[in-house]
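Labels A, B, C and D are assigned to the chains in the order they are written; within every chain, residues are numbered from 1.
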Amino acid sequence: MTANTFNETAEGVYLITVTPFKDNGDLDLASTDRMVDFCLERGVTGLTILGIMGEATKLTAEESRQFVRQVLARVQGKVPVVVGASAAGFAPMSELTKSVMDMGAAGVMVAPPSTVRTDDQICSYFDMVTETLGPDVPWCLQDHPTSTGVQMSSSVVLRILKNSPTCVMLKHEDFPGLAKLSAVRQAIEKGDLRKISILTGNGGGLFLPEEMVRGANGAMTGFAYPEMMVDVVNAFKAGNVERAFDIFDCYLPLAKYEQQAGVGLAVRKHLLAQRGAIASAAVRKPGPKLSALDLADIARLVARQEKKLAALG
Amino acid sequence: MTANTFNETAEGVYLITVTPFKDNGDLDLASTDRMVDFCLERGVTGLTILGIMGEATKLTAEESRQFVRQVLARVQGKVPVVVGASAAGFAPMSELTKSVMDMGAAGVMVAPPSTVRTDDQICSYFDMVTETLGPDVPWCLQDHPTSTGVQMSSSVVLRILKNSPTCVMLKHEDFPGLAKLSAVRQAIEKGDLRKISILTGNGGGLFLPEEMVRGANGAMTGFAYPEMMVDVVNAFKAGNVERAFDIFDCYLPLAKYEQQAGVGLAVRKHLLAQRGAIASAAVRKPGPKLSALDLADIARLVARQEKKLAALG
Amino acid sequence: MTANTFNETAEGVYLITVTPFKDNGDLDLASTDRMVDFCLERGVTGLTILGIMGEATKLTAEESRQFVRQVLARVQGKVPVVVGASAAGFAPMSELTKSVMDMGAAGVMVAPPSTVRTDDQICSYFDMVTETLGPDVPWCLQDHPTSTGVQMSSSVVLRILKNSPTCVMLKHEDFPGLAKLSAVRQAIEKGDLRKISILTGNGGGLFLPEEMVRGANGAMTGFAYPEMMVDVVNAFKAGNVERAFDIFDCYLPLAKYEQQAGVGLAVRKHLLAQRGAIASAAVRKPGPKLSALDLADIARLVARQEKKLAALG
Amino acid sequence: MTANTFNETAEGVYLITVTPFKDNGDLDLASTDRMVDFCLERGVTGLTILGIMGEATKLTAEESRQFVRQVLARVQGKVPVVVGASAAGFAPMSELTKSVMDMGAAGVMVAPPSTVRTDDQICSYFDMVTETLGPDVPWCLQDHPTSTGVQMSSSVVLRILKNSPTCVMLKHEDFPGLAKLSAVRQAIEKGDLRKISILTGNGGGLFLPEEMVRGANGAMTGFAYPEMMVDVVNAFKAGNVERAFDIFDCYLPLAKYEQQAGVGLAVRKHLLAQRGAIASAAVRKPGPKLSALDLADIARLVARQEKKLAALG
């Protein structure tokens, strides 16, 4: 793994990390270190923190700062760290951005608020984002209608990217989204749009190989087995398309299980705790809990996954 | 009242009618006649039937045909009758449109389905509507985000109107919507858009005088006192702006009460029954019922309204 | 395959069928026969028609009748046929139900309208459904928040089932929904709820084996390979749980691709046409079209699926 | 005006204040003092700050603290000050609550997050709120489906109030909401629910007299003319119901204009600036701007209102 820069050439896997808590709900900084190491050892090319799956909205302002500082200290610049900065207002967005850039973040990620609907409203909003972040903060446009309710057409995504020279990356998570991914990729190829990095998380990463076929530069999503995404992306880069699908298919049943909205975060933390990446699987309230039946499901899917991976070799 | 045509010159009041039922829930055709007479006597220049407030979705196909036939027979061409034709698919939209045009309707009204979101999706949808209705059916574009969830920007409304030569009217019901109304009106004045008729129902008619100031051609909404809208529109046409506001203000407290989503239809039917326009205030299930407290509210507001109107002279 | 009855003992696979059209968009009755044969030959225990994936809202009333009649004539009572009867009003629901029961349907399926929200509103709505359908029409409760926006808690589902003696089946499609499935199953086991049939379609059938583990009686969803669901359900009944997962995993990548909202129906019809079950893959407007890239994706996934199935034996 | 306590006996008018900014967008602390004086002079019995109309989400954490501190210092305990504490997570809710209670706030106000839907989810959420706030912080339950999307039935409101001994007030803003208000009031009268204070803001205060008739204890909403609400509530308490309606009707046309979602806040700040309560009408981005046509509308409505008030005497 070589150092990577958060700019339009970014590729590989930007992992959306969880935020580790202790069983009593306190922020777990020791586990934060272990989790960072766990990710780096598996070959991720970037980290994205304080996203939805990072329980960002459940942290106090002070906890957010502590967590960002801890991650950045542990990463030591080996990979870029992007911080979620979506906010209902521009003053808090600006405050958070300044704070994390000062600490050493590589850039921020912004999704539209659920209140913008029409093409013009969406584009105006991102004009203000660009102005708020200023000329020195590279940022990633998050397109995730499932959580925001905002549908951005391909032409709107192109307008935003054209209007904002500091936007260097698209986190492509519309679902279904393959057609949009192809439209943006083709606009770049035709020269209608400058080169940007497109990382995908369509359906929680469940379409990663199909997206690589269509020209994605890698993945930005979360999964308790980041090596799956790293291996799939690397197999593609090496030209082994069928191999990439083979690897992916081994993990798909568990990935599908982990991508269940709501309960999925508890599944992910359970697996990460089991793998030793974090000490506790605790999710802050309001949050889901796993039942004995859920745990049995997971155990079966893990066992089957291991068997398949062993067979694949 | 003079005969009016459903085209881009339409003005005055197109009343959204209720659909009368008997106490046992059956369609009440005798009351349909009385209601038509009631509206015509109060000076409406058009009728719009089978809209949301007409409980269209609660009718069987056969009942819809019966009701349309009865209304058209009673109107005898004195004013144009527009029929709501919004549908999830184009085959049923086409079937309904053909059926009502054959019976003598003047045109249809179409709102977008809640599934379209982006500017392009909305415009494509109305391209298909235009194709479905064909070159001979004039139609009214209904812009009512409260019920459809579809936000059409001013520029989208302009695109639809430009693409569809058979669209002759905008039913303007976005809320708040004064800025959009002004934008469409200005586009017509600048010659960017051909002349169309703009009838308003913004907030259930609660902004009628403000909308007339901005260049609306009249109203298309429902209210148990259609004469209010007729008188307000006529006062404007006669240049008596303050008089128009004076009339409107007498009715506003009751209009506000009648515009409560859901329960409002029961209020309207109660008032229409009380005024003799229909025999029964019955609303089909699932529908609201008025409590004794609601009835007392209405009685007070009616008494106060009468007093104010008497004072106004 | 033995004859099955649409009642609380129903099990196996009730396939949600598509509605076949010709390339010109006309209803294709010849393909309707072929499709029915195709399903029956693969061992389905029931058919569900005129659902969302059956493009029900795009048919005229007359086309709906024609299609139902054709399906029933071809099925000849070999398996029960359930007809989607969700409607905005009770009069059209009653009209459609009477019509299809007279033709020989086994029962109907009803989902809540998007306007009901609170527990009480949902339960009241289904009290009216029960009354509307009458004592002689068995029906299936469809719980599909993704399309309806209505969240029914486990306790609400139990209330509805207790209040409605004619509801014999739950089409379980909440997502994530495993916890709810377990809650309903446990209520039956504890005797808190009479026995009903639970058929699942959670996430478009993507959780079928996990649902069988939790006590589902089978599946009610659509897929271009109905034999997958039949084989998975049969493997479970035979006690071969791992075999059931093995079969399922072969199909999962393509099933995932076919379950993409919107475009998925075009994928399904393309596959059905390719398999000879219908003559044309045409989807009525407004509807999705497949691109060359989509077709290439599908071809790869089909080839991989065939290889896996061959290896599984 | 006598001192009032924020508990179950609260009545009168708790005004939802704006947050004053300078033309350059900075927080305007001098205007904060003037605005507090303006409200106190008009007889409000409480203030509610950092609500939606207070642009709370557009403030940095530090600005929020500054504003709360300034308001509390100026109020000097003359009336209770309630602070909006709705948050996506309980850690930030707890942090904000502790902070404002330490500064001298009387209590907090909490609305449900848009992610809870079923009765059980809503009640569980407020159990956690009660636990988070602890036994010493009195709070107000905000029921505002228009902004939250959460529909709480009367029975859910009763369950929440029963489960939470520290909830002393219901901010009743469901729309339409008269039936719910009556249900809660009747539960208190029957002894099914302990006494709580019910302040209303139904439709932005547009139903204040109807709500007083049904037993509301006063109003909690915003309006550039707080004296309207004070006078209406006092007239009711004095038994002059028709007088209360008369006062209300003078203000209704402007209140209606000010309650337009989105643009309404700009209208309110324009009026407050015009009345000398704040120095600048600036709204922080993203926010609405008034057009010349809007300003003309407002000027007409103000002139007409003054004339009516003079006539009323």
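One rule holds in what follows: a residue touches a chain if its C-beta (ideal position, glycine included) is under 8 Å from a C-beta of that chain, and two chains touch if they have at least 3 such contacts.
None of the values given here were measured: they were computed from a predicted structure.
> What rotation angle, rounded to the nearest 5 degrees, superposes the C-alpha atoms of chain A onto those of its identical copy chain D?
Copies differ by a rotation of 180 degrees.
> Computing the C-alpha centre of each chain, which chain sits at the greatest distance from chain D?
For chain D, the chain whose C-alpha mean is farthest off is C.
> Could the interface between the copies chain B and chain D be described as same, meaning over half of its residue numbers are common to both, or is it different?
same
> Out of A-C and C-D, which chain pair has the most contact pairs?
A-C
> Could you state the distance in Å from the CA-based centre of chain A to that of chain D?
38
> Go ahead and note the Å separation of the Cα centroids belonging to chain A and chain C.
34
> Which integer distance in Å separates the CA centroid of chain C from that of chain D?
Here the centre of chain D sits 48 Å away from the centre of chain C.
> Provide the list of chain B residues touching at least two other chains, using ranges where the numbers run on.
none
> Could you tell me which shape the graph of touching chains takes: line, ring, star, complete or other?
Graph shape here is complete: every pair of chains touches.
> Taking the complex as given, what residues does chain B use to touch chain C?
Touching chain C: residues 55, 57-63, 87-92, 94-95, 124-125, 128, 284-286 of chain B.
> For chain A, which residues count as touching chain C in their complex?
175-176, 178-179, 182, 203, 206-207, 210, 213-214, 242, 245, 249, 252-253, 256-257, 260-264, 291, 293-294, 296-297, 300, 304
> Within their complex, state which residues of chain B touch chain A.
117-121, 151-153, 155-156
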